[in-house]
C-alpha cells in the first residue's frame, strides 16, 4: 500500500521501517528534517510538509502530544487539502478530548479517522512486538489491517468510537503505574523488616507475576538507575492528568490514580522530574525514612 | 523423613499427600477428626492430639489464623512436651506479631522455628506448584529442604528472622489486591466510555500482563460470579488488617492498602462479605453508577 | 471615588450597592442588560460596554469564571483602550494561571492589576461582612483601600503578586470542603452506631467548632435539603480542578483534595451535580449503605 | 453527693477539684500514690485501692487507656465487691470495644455503666469549660447530673448505649485531625507560592473559622514548636487505630482518617513520635520539599 507517515521520532521511525520491510511505499514528514533524512536513508520518500505526506491509501501519524496533533491537523490546512487519502490512522497516545476533536474534524472534512495507539516501546516496535488497539469505523480498520500487520504482532478491535482506543491505552498506563506503586509499597514494607527490596520483589514477581514488564520494573524499583529515562516523570504526570480528566468526563473516581499523582508530585518536588518515571517508587521509601 | 502435620484442612491435606508421595512418613492431627481420617485413608498415621503429632524430624503446621496458632502452640502444653522434634515449620499465613511471639516461645522451649508461608491455592498445591518462602535459621532450613522439595516447586530463602517470610507473604497479597483494584478502576473507566470490561481487561492483560493470576482475576472482575468464593472478603479484610499493622510497626505508610481497605468495607457494607474477595472490584463500578 | 464595575450578578450587584452607599460614583456593565438596569435603578450609571466601564479611578470586576475573564479582558480591546483607569481590581475567584495571565497583560498595557477575591456569600456582602484578600502592588492597594472599606469588613494584604490572593482563596475553599468531608465521615460513623447525624454533629460542632460556617454545613450534612443550591456541585468540581492544578504547578500533593474530588465524582455519577455542593457528604453514607 | 474517683492524673485531679468545689465528698485512688496525695491535700479522702474508691453514690474513673481500664475493672475483683455504688461513670477515652466489654461486665455485676468522655484539656477542665458526652441509661444519667454540672459546662445526652458516647468522642478527634491536615495542605500550597504559612492560615482562620481550636492549631502548624507536647503523636496514632477499628466494626470507610494515619506514620518515621501530634502537619511541607 501507499502511505504517508507524519512524525518519525523514536517510535515513528521504527514503524516506518516495519512498513518498508513489508513492502509498503512510505512518504514521510517530520518537523525535524534530520528525522526525515534518517528514514529516507532506509527507503522512504521525503515529504516537504504534512500535506505532502497526506496521500495514497492512508496517512499514519505518531506525534508526541495533543498540542502537536492539534497544531498539525487542526490549526493547519491539513484537512482542507483537495486531494487526501481516505483515512488517517493516529497511533499516538492522545487525550480522550483531543481524540474526539480530531475524529469530529476529520468526519467533517470527509476523511475517516482511526485511533490506533500501541503498547510497547521502540525496542519492542523494532521486533514487531507491539500490541495495537484500533477503534473507529470497522470497515475502514479492515482495509488498513495490512498496515497494522506490518507494524505490530496483534491488533485489538476496541469499538466504533476512535477515542475508545485512547481510553484503553490510558487505562493500560494506569495499570502499569499501579504495578509500580504496589512494588514500591512492597519494597518499603520489606525494607522495614530488613529485607532487601531486590529479594522481596524477586520472590513475589517470580512466584506470581513472571512477565517482562514486572521483571523490568522490579529491577528499576529495587536498584534504579533512573537515568537515562525510558520515559520521564514529567511526561508521566502529563499522562496522569489525561487519565484523571478521562475519568472526570464520565464521573469515574480513580482513587489509585489520585495516590499515584500525589506521589509523582512528591518525586517532582524532590528534583526527579527528568528521571525515569519509575523513580516515583522512591517516595514510599522516603516517607518511611528508609532510603 | 518422619514428620508431624498439624492442620489438615484444604491446603494441609494436599501437602500431606505430597509428603507421602515423596516417601515421607506423616503423623497428622486436626481439630476436626474427619479431616484426619481423610489423610489417614491416604497413608498418614493418626495423632490423637497436637502433642502426638509433634514427633520425628520435624512438625509442620498449617492452621487457619493467628488465634488457632496461639491456641495450639502457646496456650497449650505443646512447647512443654519432654520429647519433641528439633524444628517446627509453620507454613500458614500469620501476622508478623504472631510469628514473632511464636519464634520467641519456641526458642525458649529449645525448638527451632521456621516460618514458611506459601503462594498458591489448593489446586496449585496438588500439582506441587507452590512457591515457599522460608525464613529462620539457615542451617535448619537446609536440613528440612527435602520436605519443602516434596511440597513445592521452589523454596525462597528470605532471611534469618522467621517473621520476614510472613512480611513477604503479606506484601504479595498487597500486590494481588492492588492488581484487582487497578483492574477495577480500568474496567470502570472503560465502561464509562461504553467499552465492555471483558474487552478492556483482555486487551491490557494479554498485551502486558499475560500470567495466570491476571487472567483469572480479570475474568472475575469482568464477569464474576463471586460465589462460591475461593477466598472470601471477610478473610481479605483480616489480611488487610495484618498488612496495615505490619506497616504500622515499622512506620511504613501503605496508601494503596488504605484505599483497598476502604473499598473492602464498602463491599462489606453492601452485603458481599461471604463472596469471593475480588467482589470488591464492584465498588469502582458502583461509585461511578455503572452497574 | 469614580469607579467602573464589570459583572453585576448576584455578588457584583451587592458590591455596587455598598459602593454607592459609601458615596462612590459607579458606572456598571454586564453581559446581561437586565442586570445593569437593576443597579442603575439604585443609582449607578450605565455603561454600554466593558470599555465604557473602564474609567475614573479604578475598574472593579466580578465575573463568574476564567473563560469570562479571558473573554472580556484579554480577547477584547479592553486593554488597548487609550483612556483607562490606573488600576483594575479583580474580585472574582480566578485560577492561578488566569490571574498570572491577566497580571502580565495589564502590566504590558500600563495598568496595575490587583487580585482581591473575597470570602463570603451575597447575603454576607449585603451586610458588608466580606473578608477581602488583596494582592499586588502595595501602593496601589493603599490607594484603593477606600473602595475595599466600602465593600468588606476587613482587607487582608497577602503579598506582592496578584495570584497569591487567588491561592489563598482556593486554599480557603479546600478547608471548607475538608470540613464537609470530615463531617460526612463523622455522620456516617455515628450512624453506624445508631446515632442521628444531627446529634453527633451538633455535639461536636457546639463543643469545638462553634462558628457559623460549621453550624450551617452541619445542618446541610445532617438534613439537607440540597436544593436549591447555594453553590452547585458542578462548580465545586471546577474549583477542585483549579486547586489541584495550583498544587501541581508548585509540586504540592494535596491528598485531602484528591479524596474530595473522588467523592465529588461519585456524587455527580449519582445525579447530584445541580444540587448544593454539600450533597457530596452523602457519599460517606452511601458507601457504608446507611442511607 | 459521695463519690469515688479512680485515676487522678492530669485531667482527673482537676475534675476532683471541681467536685470538691461544688461540695461533693470525694474518695480518690490512683496507681501513683503521689497523685492521690496531691488531691488529698485539697480535701479529698484517700482510698487504699480501687475497691475502697468504689463507694457512695457513684464511682467516676479517668484512666489513660483501654489496658488500664481492663486491668482495674475487669481483671481485678472490682466488680465482685459486695458493697459498691449503683453506678460507674467512665469519663476516659475508650475504644468502642472496650466500652462494650465494660458495659456488659457491669450489667452482669448489677452496676450501671455510664460512658461520659469529654472534649477539653486540663486547662479547660480547670475553668469548668468541658463538654461532657454522656451515654447509657437515661434515668441513671439524670441521677448523676449534679456531678456532671460540677465538672463541665454542658452535658450532651448521646443515647442509651454507653459506647455511643465513645464513638462521638472518637469522631470529634477525627474532625480535629482533619482540621490539622487541611491546614497543613493549605500551608504547603501557600508556601509553594511564597506565602508565609502564618499569613495564609491567619487570613482563612480569622475569616471563616474564628474559634480557639483553629487559632491554637493554626499557630502550631505555622510555627510549632512541637515540644513539649500537649498530646503526643504516638498517642494520636493509637486514637487513629481506635477510630479505624470503630469504622471497621460497622463497615464505614473513613478515607480522610486513612490519609491522616499514613501521615502519622510518615512523621513517626521521621522521629517525631514524642512531639505534639500537630507535628504531622510537617509531612505536607516535607513532601513538597518546602521545609
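Note that the chains are named A, B, C and D in the order they appear, and that numbering of residues resets to 1 at the start of each chain.
Everything below uses one rule, namely that a contact is a pair of C-beta atoms (placed from the backbone, for glycine too) under 8 Å apart; a residue touches a chain by one contact, two chains touch by 3 or more.
What you are looking at is a predicted structure, and each value in this text was computed from that prediction instead of being measured.
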Field: Chain whose mean Cα position lies farthest from chain A
entry: D
Message: When contacts are scored as defined above, which chain pair ends up with more C-beta pairs, B-C or A-C?
response: A-C
- line: Between the Cα centroids of chain C and chain D the separation in whole angstrom comes to 37
Field: Distance between chain centroids, defined by C-alpha means - chain A, chain C (Å)
entry: 39
Rounded Å distance between chain B and chain C, as computed from the means of their C-alpha atoms: 54
Query: Which parts of chain A, given as residue numbers and ranges, touch two or more other chains?
result: 247, 251-255, 259, 262, 265-266, 269, 287-290
Query: Which residues of chain D touch chain A in their complex?
result: 255, 262, 265-266, 269-271, 283, 287-290
Query: Any idea which chain B residues touch chain A in the complex?
result: 96, 119, 131, 133, 154, 156, 158-159, 161, 163-164, 167-168, 170-172, 174-176, 178-179, 181-183, 185-186, 188-190, 192-195, 199-200, 203-204, 206-211, 213-214, 243, 246-247, 249-257, 259, 284, 287-290
- prompt: In their shared complex, at which residues does chain D touch chain B?
  reply: 237, 241, 247-248, 251-255, 258-259, 261-263, 265-266, 268-269
